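Heads up, the next two complexes both have chain A, just with different partners, chain B and then chain C.
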Partner chain A sequence: MQIKGLRIIFLTLFLSVVLTFAGFSVNAESEPIHGGTLELARVDDATELDPHTTTAHPSRRIFELVYSNLIGLDADMQPVPELAESWDISEEGDEYTFYLRDDVYFHNGDHMTSEDIAYSIERILDEETGAAARSHIADIENVLTPDDYTIVFELKSPNASMLLHLADANAVIVNKAVAEADSLNSVENTVGTGPFQLSEWYPDEEMTLIRHADFYEEDKPYLDEIRFTVIPEEFSIVAGLRTGQTDFALLNLPTAALAIEEQTPNVTLSSELSLRWTPLFVNTEREPLDDIRVRQAINYAINREEMIASAMLGEAEPIGPIPSSLTFWAYDVSQSPFYQQDIDRAEELLREAGYEDGFTISINFMSGYEEVLSQVQVLQNQLEKVNINLELNSLERGIYIDRWVDADFDLSLSTNAGAADPDFYLFRYFHSEGSLAFIHGHWSNDRVDTLLEEGRREVDEELRQEIYLEAQEILIEEAPFIWLNAPYEYFAFADHVKGFTPLPTGGINYLKDVWLDN
Partner chain B sequence: MSIISKIFSNISGIVGVTLVLIYIISAIAAPLVAPYNPYEMNHINSLRSPNSSNWAGTDQFGRDIFSRIIYGARISLFLAVTSMLLSAVFGGVLGAVLGYVGGKADLIVMRFVDILMSFPSLILALTLVAFLGASLQNIIIAIAIPFTPVFVRMGRSAAIPIKEEEYCKASKASGASIPWIIYHHILPNVFPLLLTQTTLSFSKAIIFESSLSFLGLGVQPPLASWGQMLGAGRQFMTLAPWIAIAPGLAISIVVIGINLLGDTMRDVADPHLQNTS
Partner chain C sequence: MSAYIIRRIILILFALVGVSIIISLLTMALPADYVDIMLGTEQRTLTETQIQSLRSLYDLDDSWFERYRRWIVSIFQGTMGHSLRTGRPVSTEILMRLPVSLELALGATIIGLVIGVLLGVLSAIYREGLSDFVIRIFGLTGLSIPPFWLGLMVILGLALFFNWTPPRGRAINILADPIGNFKQFIFPVLVLSVAMAAALMRISRSAMLEVLQSDYVRTARSKGLTERVVLIKHCLKNAFIPILTLASMQMAYLIGGTVVIESVFSLNGIGILLLNAVNTRDYALVQGVVLVITFFFAFINLITDLIYGFLDPRIRYE
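Moving on to the complex of A and B:
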């Protein structure tokens, strides 16, 4: 007995010594430390603050930190618990039941219940609100709150993308009492349940977010404060990272990314293939683009790899209708004949269409975006080889958007926002009733209509994948748009910034896990 | 001493003339001077630093920067000459007429000119291009309009004293028409002043075109313009600085050359300065 006791004491001592040292080394590597201010720099400032109506990216970045959703997304775009600890989906796929956490508090101290969630969803569904997510979750017919911590959505018909839509930054949960009393578009009324609380905002200068002490995830967030600073020039941001003035930066320019990668030690660059996508919008109502052979000829004349290599400095990937960041849904464009440059085939098609002498068309794009200008120049150069003369129309942002909305262009090129859902890229544009079908001049295809409708209803992932792959194949062949590439989302951070998980959405939700190792 | 030899008797005159000549010759003989096609993309050659075959390096599309500078001289010379001619002829004649005729017309038009002058000229040009669209023709107009008020004022102020001269009054008394007097008496006197002002404004016009193109509202690709090259090169400042350095140097050298020449010409042409020397 005595020996055994000694042995235990000895063992305990030994273990405690070992563990202490182990603890030290682990501590230096991965034990998060509380405190500190994260200096975050980006090019644009938030525009407005109502999370349901403001779709501007810079504002969405704030919503991701200040508010929470029913569920969140992990780095692979898979649903993870947020306000709902768990959920059930009925077999028919038309009833969703969410079981909520009971320890969630708003920044103003209010306790969050299913009432707030029901209110938020109804606010989004109400046409008066003009919410961005309304059409995405419009299949919700009834919202039931059996008790304070359970909420049930009854759907008109199954909708396979429902969970993804509920995780969107424009579908966050707001405080019922605050929203009923006043507009949400102010710093005081930005009352969420997220890891950080909005404390100060000097528009176009800086915004300060402070730690939410009652945040429901234990111990988190680690940072005391995040200061968003607006620096309109990406190279000034890179300089800031170099001098240590900035800890964390959101970047878009491939050149800025390369400058960090090649010339800035002590700064990590994380590039995530983006959900954003760059297509050539084609007006299929205008001659000669109304002829499918002409559109296919353009597809054959383009060399996407070359375009990416020079215009994007290699910082993009060729894409089909669904960008390759949605790995599961994206069509593998490397197999498609339309993605291999073939000048002979292009010339043959143009001859068949009666344009052997070529023609002149124009392309609209926004001025002030170097990477867009570069891509347009390469395009001009490549199309010249098949006698297509491309006139460049560099337009000021507002004018560009007006013309786009009026479908007043031959070709139009811009990089557009994306979402983690295949339906987002297809239905609005290519279903004959899609809200944006006017952009390509009401091109339509019955098979695509059927497929896109089935895709919305199909709950089985494998079957749904087949549906979208077929639709994409038809779209590539018919070329109502000509898809070019998807860029990267860049997050650059100093070496002392630990624990960040980047998202392909460009989202910074996981700043809640970040800590500073100073 | 002839004007030419006076210019060459002065060191800054020699430097100015040489630089301007190089500029004009490379602009006119661009296809002969440029070693490569400035518009041809060669993706394998992209972002080469200056070397023996590409003297100023290549840009991100593998285009030869030296050739683009030569062709850029063409665009900048063409735009500066046409826009200066437009504003000098239009402004100078208008000013001369207003100065001679005077009265209400003079009062009203000059107030317009004052309004135009009170506008920051680059902003005015930017607004015009944004409004009209960025074609070569519109860029010429956008550069010419902000420069016109100076010429109007100059023409007018030169015309007013001449109106009071005896020979002018004599012509009027003997029944000469107003256009005849303006053409035979006023304009010949206004002309030398306009010429000097044109040289002085010329370098500003070059900078103007470069600024517009730098901001993406001037000359559109694929045409090479120095300002546009500078604008595109800005984002490569740390990765490939030569892309921005070459057009920057080209702009400064040409502007210095024209200014030196302009100063010398003023010294030579100005009778007051001549008397003192």
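Moving on to the complex of A and C:
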């Protein structure tokens, strides 16, 4: 179904057939207008609706609109008030006190109090729930509710990432009465405090969200309704944007984004460097990858810019262990010698390691994603130049996941979910006790262990930044992973759609600010 | 005749039982289950207890026999089990999607038959002439164009030149809103019918050519019958059996096999339903859809066999 050649032929046709229309009109700033339906198209539908167990991105997009968190994130991934108006963190960093709004109502009319928050956090922490966010907030030891509008978390140990994890779409606040009575995996039981209320769902076809009249932010949301339509083929979405059938679209393919940028008048494309990241997972337990010189040689043999240019039409950025979208935390990879292709150095390292005649290794990746396949092919090409023969294992999703969780591969490539927090990208993988440290075959480094522990505790941002920069430098040199690039999150919207703020999470939380200028 | 039909229906039931066993064994054999896929590579960040409680939430811990027994019982209860994802009965899910698949398959078959047979007959009559040449080029092209590409081209062409896209989202019910339904289905049906028409054109042409050379056609002509009567009554009727065989097989295939067109035109038939169900390991749904597709295959075959007898009275049903 996803044939690259066809797409390119198509793209050329698309680009050549159409006349280019003049650029954008200048919009004067004006007052938001209430009303209207936003027609939103995307390729996948929500899978399930329990916000604490469903981690699929299409479902998270819905949770962002229907539920609220204790705190939110702005476009720079900084905490902003949401259900909590303000908060205090104790000096030791082990006690968080949140002061809640007193004017928050659920979609069913229930008044929200600290009881609901305590219940939601406890529901996530309860192992029986199977909540994905549990591991991120497991440091919370006690939840106290001194009064209806105050909530206190006592932590086992200080955790500087706590705030960001509380802003995650899988850590939203649910209605205690509803959740205690029944499963949350249904339209009726999707009762949140967010700007929109889930009204109808026809899986894989359409989902309708309607305005929450008692939403706590005054005047908002402006839209009466958002209709999510599932159109699995991205170019078909582009056609709908062009004809005005669709007002707003979430896209993934660089080819579709380029088609919009160049050929669709009256549609704005917003490309936001993503928090998602594409590394080469390296199994450091297997020969010859157990040799650091071999891993470094691979790093030198790779040309990331070429890979991005030819496999992703230029629509990605090279990254280190923390993706560049987290500007403050990311290591500037352009300074790193390991990010300059150097075939001679690569050959020298291979010779030192005793592999001057090369070797054969294999790479696992998920089938059905054209940009993944293209990247792997470019990689194969680049490694060939230093006599490394790369065998391509294209695997069905389930098989890919099975092998991944058993670390059954030499190399593995996939694009992974991210978070607004540096700890998320490092601790779980590279601390020797990290939950995902199995993936590179338990590579470990004492200095990195210490740094990651300090980073987790350090509340001073400047000091914390230094800690993570040092850790990243070691990681790049030791290469337990070989980091490649981060893609973009694409939001495309018609010019009459006003007031949207894109997020690097791919989140659409700020549809609450959007209005239609018809 | 009725004894024959009853015997065939019993055979269909046996086939369904066989398929139900095979498919439920195959779904069990698939690597990774619903919870694995749901958690993806985050799986190991959850504790054992967490994963275990998710597995038991979806009843994934039972043995094959227990699952199969439960499924069979649910078929007799009319639910065919419940989708793990939506929690709704599988029968409800299928009944919601089936009209889309049937309309696509039936529409494409009818249009494909009309155009394909017409062109095939023309091409046989004017054998080696210019129209034969043009029609054969169409046949070759129609078979070679991937429907996925053609569908995209149609959507983009409509958007570029007519600034129009067919309605997307929910399938429009043909009885409730025939015009809306027409707008939604006409282009996907046409795209599907291209390959269908091309295949049927080729087989009609060769069948007609064969019949045209037979003795009874010469006899009919020498009897002084008009060419029209000869062609329609004597030739076409006799040439129709291979055409019908191909058309019915194609139609049966289209019921579950329009995934690509469904995704380009954003129509949700049972093709996409099955694909998504397999990808997420929604076991009951996979089994239910496969069973329904099997049923239609068998059913269409039975109907085809009955039409054979109507076309050729020499065929007897013993």
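Couple of notes before you dig in:
Here, the second predicted complex is superposed on the first by the 489 of 518 C-alpha atoms of A that agree within 3 Å, B and C clash if a C-alpha of one lies under 4 Å from a C-alpha of the other, contacts with A are read in each partner's own complex, and residues count from 1 in each chain.
Throughout what follows, a residue touches a chain if its C-beta (ideal position, glycine included) is under 8 Å from a C-beta of that chain, and two chains touch if they have at least 3 such contacts.
Because the structure is predicted, anything quoted here is derived from the model rather than measured.
With chain A as the common reference, chain B sits beside chain C without any clash. When both complexes are overlaid on chain A, the residue A:Ser367 reaches chain B alone and has no touch with chain C. Of the two partner chains, chain B is the only one touched by A:Thr255; chain C is not. Legend: residue contacts after superposition of the two complexes on their common chain; A:Phe235 is shown touching both chain B and chain C.
By the document's definition of touching, of the two partners only chain B reaches A:Gln377; chain C does not.
Legend: residue contacts after superposition of the two complexes on their common chain; A:Ser394 is shown touching chain B, with no touch to chain C. Of the two partner chains placed by superposition, A:Leu469 touches none, neither chain B nor chain C. With both structures placed on the common chain, the touch criterion links A:Ile292 to neither chain B nor chain C.
When the two complexes are overlaid, the chain among chain B and chain C that reaches more residues of chain A is C. After superposing the two complexes on chain A, the shortest C-alpha to C-alpha distance between chain B and chain C comes to 5 Å. Looking at chain A, you'll find residues 235, 238 touch chain B in one structure and chain C in the other.
The part of chain C that touches chain A in the complex is made up of residues 30-32, 36-47, 49-51, 53-54, 57, 85-87, 93, 96, 146, 148-149, 152-153, 155-156, 158-160, 163-165, 167-171, 259-260, 262-266, 268, 272-273, 276, 279-281.
The residues of chain A lying in touch with chain B in their complex are 234-235, 238, 253, 255-256, 258-259, 262-263, 306, 309-311, 313, 367-368, 370, 373-374, 376-378, 380-381, 392-394, 396. Interface of chain A with chain C (complex): residues 1, 3, 6, 10, 13-14, 17-18, 41, 47-48, 53-56, 127-132, 134-135, 183, 185-186, 202-206, 227, 229-233, 235-236, 238-240, 242-245, 397-399, 401-402, 404-405, 414, 416-417, 428, 435-436, 438. Considering their complex, residues 39, 41, 43, 46, 60-62, 130, 133-134, 216-217, 220-222, 232, 234-239 of chain B touch chain A.
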